[in-house]
Amino acid sequence: MENTNIKKIGILTGGGDCPGLNAVIRAAVKTAILQYGWKVTGIQDGFEGLLVDGKARPLLFDHVKDILDKGGTILGSSNRANPFEYKFKVHGKLVTEDRSPILLEKLQSMEIDALMVIGGDGTLSIAHRLHGLGVPIVGVPKTIDNDLASTDITFGFDTAINTATDALDKIRTTAESHHRVMVVEVMGRYAGWIALQAGIASGADIILIPEMPFKLEKIYEIIKERVRTGRHSSIIVVAEGANPEGGEMVIKKIVEDSADAIRLGGIGEILADKISSEIHVESRETVLGHIQRGGTPSAFDRILSTRLGVGAVKLLAEGNFGRMVCLRTPHIDSVPLEDAISQLKKVDPDSEVVQAAKAIGVSFGI
Amino acid sequence: MENTNIKKIGILTGGGDCPGLNAVIRAAVKTAILQYGWKVTGIQDGFEGLLVDGKARPLLFDHVKDILDKGGTILGSSNRANPFEYKFKVHGKLVTEDRSPILLEKLQSMEIDALMVIGGDGTLSIAHRLHGLGVPIVGVPKTIDNDLASTDITFGFDTAINTATDALDKIRTTAESHHRVMVVEVMGRYAGWIALQAGIASGADIILIPEMPFKLEKIYEIIKERVRTGRHSSIIVVAEGANPEGGEMVIKKIVEDSADAIRLGGIGEILADKISSEIHVESRETVLGHIQRGGTPSAFDRILSTRLGVGAVKLLAEGNFGRMVCLRTPHIDSVPLEDAISQLKKVDPDSEVVQAAKAIGVSFGI
Amino acid sequence: MENTNIKKIGILTGGGDCPGLNAVIRAAVKTAILQYGWKVTGIQDGFEGLLVDGKARPLLFDHVKDILDKGGTILGSSNRANPFEYKFKVHGKLVTEDRSPILLEKLQSMEIDALMVIGGDGTLSIAHRLHGLGVPIVGVPKTIDNDLASTDITFGFDTAINTATDALDKIRTTAESHHRVMVVEVMGRYAGWIALQAGIASGADIILIPEMPFKLEKIYEIIKERVRTGRHSSIIVVAEGANPEGGEMVIKKIVEDSADAIRLGGIGEILADKISSEIHVESRETVLGHIQRGGTPSAFDRILSTRLGVGAVKLLAEGNFGRMVCLRTPHIDSVPLEDAISQLKKVDPDSEVVQAAKAIGVSFGI
Amino acid sequence: MENTNIKKIGILTGGGDCPGLNAVIRAAVKTAILQYGWKVTGIQDGFEGLLVDGKARPLLFDHVKDILDKGGTILGSSNRANPFEYKFKVHGKLVTEDRSPILLEKLQSMEIDALMVIGGDGTLSIAHRLHGLGVPIVGVPKTIDNDLASTDITFGFDTAINTATDALDKIRTTAESHHRVMVVEVMGRYAGWIALQAGIASGADIILIPEMPFKLEKIYEIIKERVRTGRHSSIIVVAEGANPEGGEMVIKKIVEDSADAIRLGGIGEILADKISSEIHVESRETVLGHIQRGGTPSAFDRILSTRLGVGAVKLLAEGNFGRMVCLRTPHIDSVPLEDAISQLKKVDPDSEVVQAAKAIGVSFGI
């Protein structure tokens, strides 16, 4: 059935952390060895591992034996190593260079016949360009934000919303006992999936997402109305990329004695400050941050990751290069890498899920 | 938009426990009050609450305020109360009677204009018959086993596989440290969804499901081969309804001094006994049992339950009686109750998920 | 055995949130009713509930039936209501008044014979003064920080370190995969118990606590040495009250368009900024914040809370007023309220636990 | 300070699984290397690893890097290998032999200067005898049941009660919704610590422990009284070693076609059967089994394990052989191995904890 002459594949992971990376690696290694008799090389720290020496090692059964339930990636990752625009310092000055030729040489010298890359937008764009240079390559999509149009759902997302929901459950009892507005900032720079889903799952009163610019006045009004009717606590779940209508709000922070003196505060912090100072209702923010990216993957994410890992190896075996595996419920399918990276999946304000949230009284601040 | 004259609805839950029941109730109550201005009556202990007095009470906002993350059902449930075949004792003898006329009277006297029932096969069958008698009724499907053909996935299932996977994670470290075969029996009388998914998610070596009758000899062989190659521990996940080719295996238990002296042991117990006695590899069973049905629902289940609760109330508002809400990814949809209850969703041995499990070396004992 | 004429007691909770408050209330209500036949009044929002009308209600069995595993307090809390220095506004100006006479009247008019207060320093100081005015009163200590000298351990602390450890477990995998320094700020303004225990439990590399002022240079040195020897990730757990030798570090934040324009950043944020800018190792902070105060209490905290609740009611029954229950392992004991609030329990830098941490290579930044 | 000439130590783990074993190993390895410059040999599968070849390997930093939060033991364990009564088969017949001379030779040939053994009764008894033969040895106590008189608390116990409490939380919602008596069997053959603590922590109605033989009639009475007063659900937590007054209850199970045809059922199963058949209240049992022994250790257990591991290495360094480390709150201390293994710690029916449980209405079935 297989029309390829693959004897050895390389696997790498790129971009930010995401629960399920190890489960993808495990499934791919097992399938490659058991089903196809291939060898597998683990490439460390993303594409960086294909540009310098000593960052590749054989991946055997034993290496993936205990990693199904582990967060992180045993291969390490890197946000920065782009072989086409490799940045390094010469005499203290930053230089950019196209190192893709080195990468191609490396693949040849390591006798890697095909490449499987697990990563987000950035990583898959590089994969697409490498495929253009003739590298037999397949991609596995990774974004904790679930904002990829070409797949129904991405691994890690289910874990992230469970982690966020768990944190929100903890915060809600405090909000209720102590009559406070709790603002909880979750991930989601361009798409509000985590805020929307964790917000519904935790019974949030207000959900703020990038797709639906909010009105500060509306938020004040809701909270004041709640206080008037005896509900002194409120939970606001806000995506990090949410913004008020008409522009961004900013906190400048001055770090004393520090080189990069000023940096911006987050939307959660700003909202809590504003609510406290403008309508005099005690408000506190919590920024969930990195805990959303870590930890043991949920059952769903382990299964999805396993299926994607198996699916990616099958793509390679079938010679279906230049493609990305994806979930088309209920099946694993694939799309051209080109399509995969071109379109963001955003929350549709008119969708049934948003309507359901509104039906039970959730406000989106508009 | 709404073409009904509903002023008050009744809600009841029937059948076994399932995480998410309260989330459905909460969403329905909120939607009914906020969107349609209806009153809601909570009917207790399934259909039993429509046959006797004193088992109904108004459901207000306050009753559903804190139940989103609670297991169980605030309405109580009953496995037995079938109004069409109501069983009771007269002079010590069990009598069966059709009490549906009483139920219809009750609905009228309580001024309940429409009914929303949340339950499994049994409950929905009754709902279908009541609809035939002219009761404006809609159903919400509930089965922890996820074995309903008319919906992509049922609430509670995601929680159940997370609970099972968590338990399996705990058991695996013991299996490895102590060189044992651990047999873990999970729910699934007619369909093996929990065993399949929790098995993949936990890295099980052998998964046994009703849809794929197993060979004992094959299991012995795999374990012996694993021992031969230095893998002294194995994890077997078995659905309670799994059976060997050609028939059932049975343990008879004699309870001393007990009226009903003999009862049957479960498949997990039998397998562990057999493996210990036949191939002399130390084996232990764990029966997960009721913990799979309880506890706080996962984020996914809370969201799905919320959407189904909103969707069911909308069906009522639209006058779409005699139907059941369901998930047709990514939307909430509905089907006639008639179709809803007629077909079991079983694991397809040739499906991509089963193939993926096989690709990474999982055996199904065949 | 009992020498008191108590017929009704009041219970209130004061101060910040802490897992186990509800378990104390439940145990006290059950013991009061079952063992002594007393009535119980639940006073809402701390001492506030004894100063205004309509903030007290009977506490019956049914009210405490389902609260053992719930975070928060069903009685509500308030950080501000001090009857001896009650603050309120007259014509927009803040006025302070001694309202203890009103409180005494209230107790009498509500026929509350004795008071049980659950709270921290502030709440117990008020209790002590009320006892001086003749109120039959006992205290139950509450501090998430575990910094009370007169009891071995306070409820809520075990839950807090489990929550922090769970978060740190999630963060560690990301740190390792992505070669980062992760700074995690936990609670502990004056004492470093949470940082110390969660730090050891999570395998932190550096633990910074108020009791051991750190040297920034030492931290830089450790991280650089770790990088040199191939350990590119490090975990720093820092108590919010930790400080460098010789003074505080400060971030000023300017909130644009905000009345109270400037507020201070936390130590975690400062440290991550400094490490990134000074030694150019990528560093991120996470501030765990309120999630440490919420959620279902751990088994240990539920048991301890139950024992303290029972013990406090027994003190009342024995007429042992003016005292606070405490844990003197393995028994529940009591101390005069006077002693209870006078001394902070701090981490001893020479203690066996700190030495054990050092023995396995943990640095305290000194 | 150290008066020993140790250059290399061996570590082994024996007996049943217990969360925290790996944390002890990690702390011991780190302390041995960092504080004393020793080498460490990991001995596999308990004393078995000192009797056969190829079961020992160097333990380096890298081996213990990621094991703090892992259940099980990286060294493996064995319940059976007693060097003084080593059992093996000759021509199909079981022979017992004293192989301690072989063990002593092995220690010498591997240049292991001292031994640290982590285990329960059996393992520590062997350690004591080996010490009598001149082996420099220290012990670390391990029993999930917490039934060792010579230490305040043993690691793993806190994790076990959290696991049991978590399972009981799940089961309670089902019990309540479905009006059932749920019997949950937990570990504790000779002492009822887990049942007592998990029972209190989960709000159980009846707790049955070996130290307090119960009356079946009393249990029936309580359940019937509860039903009479509208509380149709009850939770019974029973230790596996609990028994009725006057003797054991037995279920015989006949395994068809099986060599060892009959085995005994557990107390949980018997109780549920009896309650269903005798007083006709629907009752179900859940046997928690091995999940109590596995999983990631709680924060408390990780810290206690770390302290014990450091403490045991210090005992070796000080030449304090023949002793066992223990917790004497709040310090780590030590006792002679001889004393350590001689006395069981049982639940005192008159203790404050049992009294507290009774005060809130828990019955012990007497």
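In this document, chain identifiers A, B, C and D correspond to the written order of the chains, with residue numbering beginning at 1 in each.
To be clear about the criterion, a residue touches a chain if its C-beta (ideal position, glycine included) is under 8 Å from a C-beta of that chain, and two chains touch if they have at least 3 such contacts.
Quick caveat: nothing in here was measured; it's all calculated off a predicted structure.
Fewest steps needed to get from subunit A to subunit C, stepping only to touching chains, is 1. The greatest centre-to-centre gap from subunit B, using C-alpha centroids, is found for C.
Between the CA-based centres of subunit B and subunit C the separation comes to 41 Å, rounded to the whole angstrom.
Look at where the CA atoms of subunit B average out and do the same for subunit D: the two points lie 34 Å apart.
The distance from the centre of subunit C to the centre of subunit D, each centre being the mean of the chain's C-alpha atoms, comes to 32 Å. Residue numbers of subunit B whose C-beta contacts span two or more other chains: 169. In this structure, the chains touch in the following pairs: A-B, A-C, B-D, C-D. Touching subunit D in their complex are the following residues of subunit B: 13, 16-17, 21, 45, 70-74, 76-79, 163, 166-167, 169-174, 176-179, 182, 249-256, 258-260, 263, 265, 269-270, 273-274, 277, 284-287, 289-291, 293-295.
Against subunit D, in their complex, subunit C makes its touches with residues 26-27, 30-31, 34-35, 68-69, 152, 158, 161-162, 164-165, 169, 197-198, 200-203, 296, 298-300, 302-303, 306-307, 310-311, 313-314, 329-332, 352-353, 355-357, 359-361.
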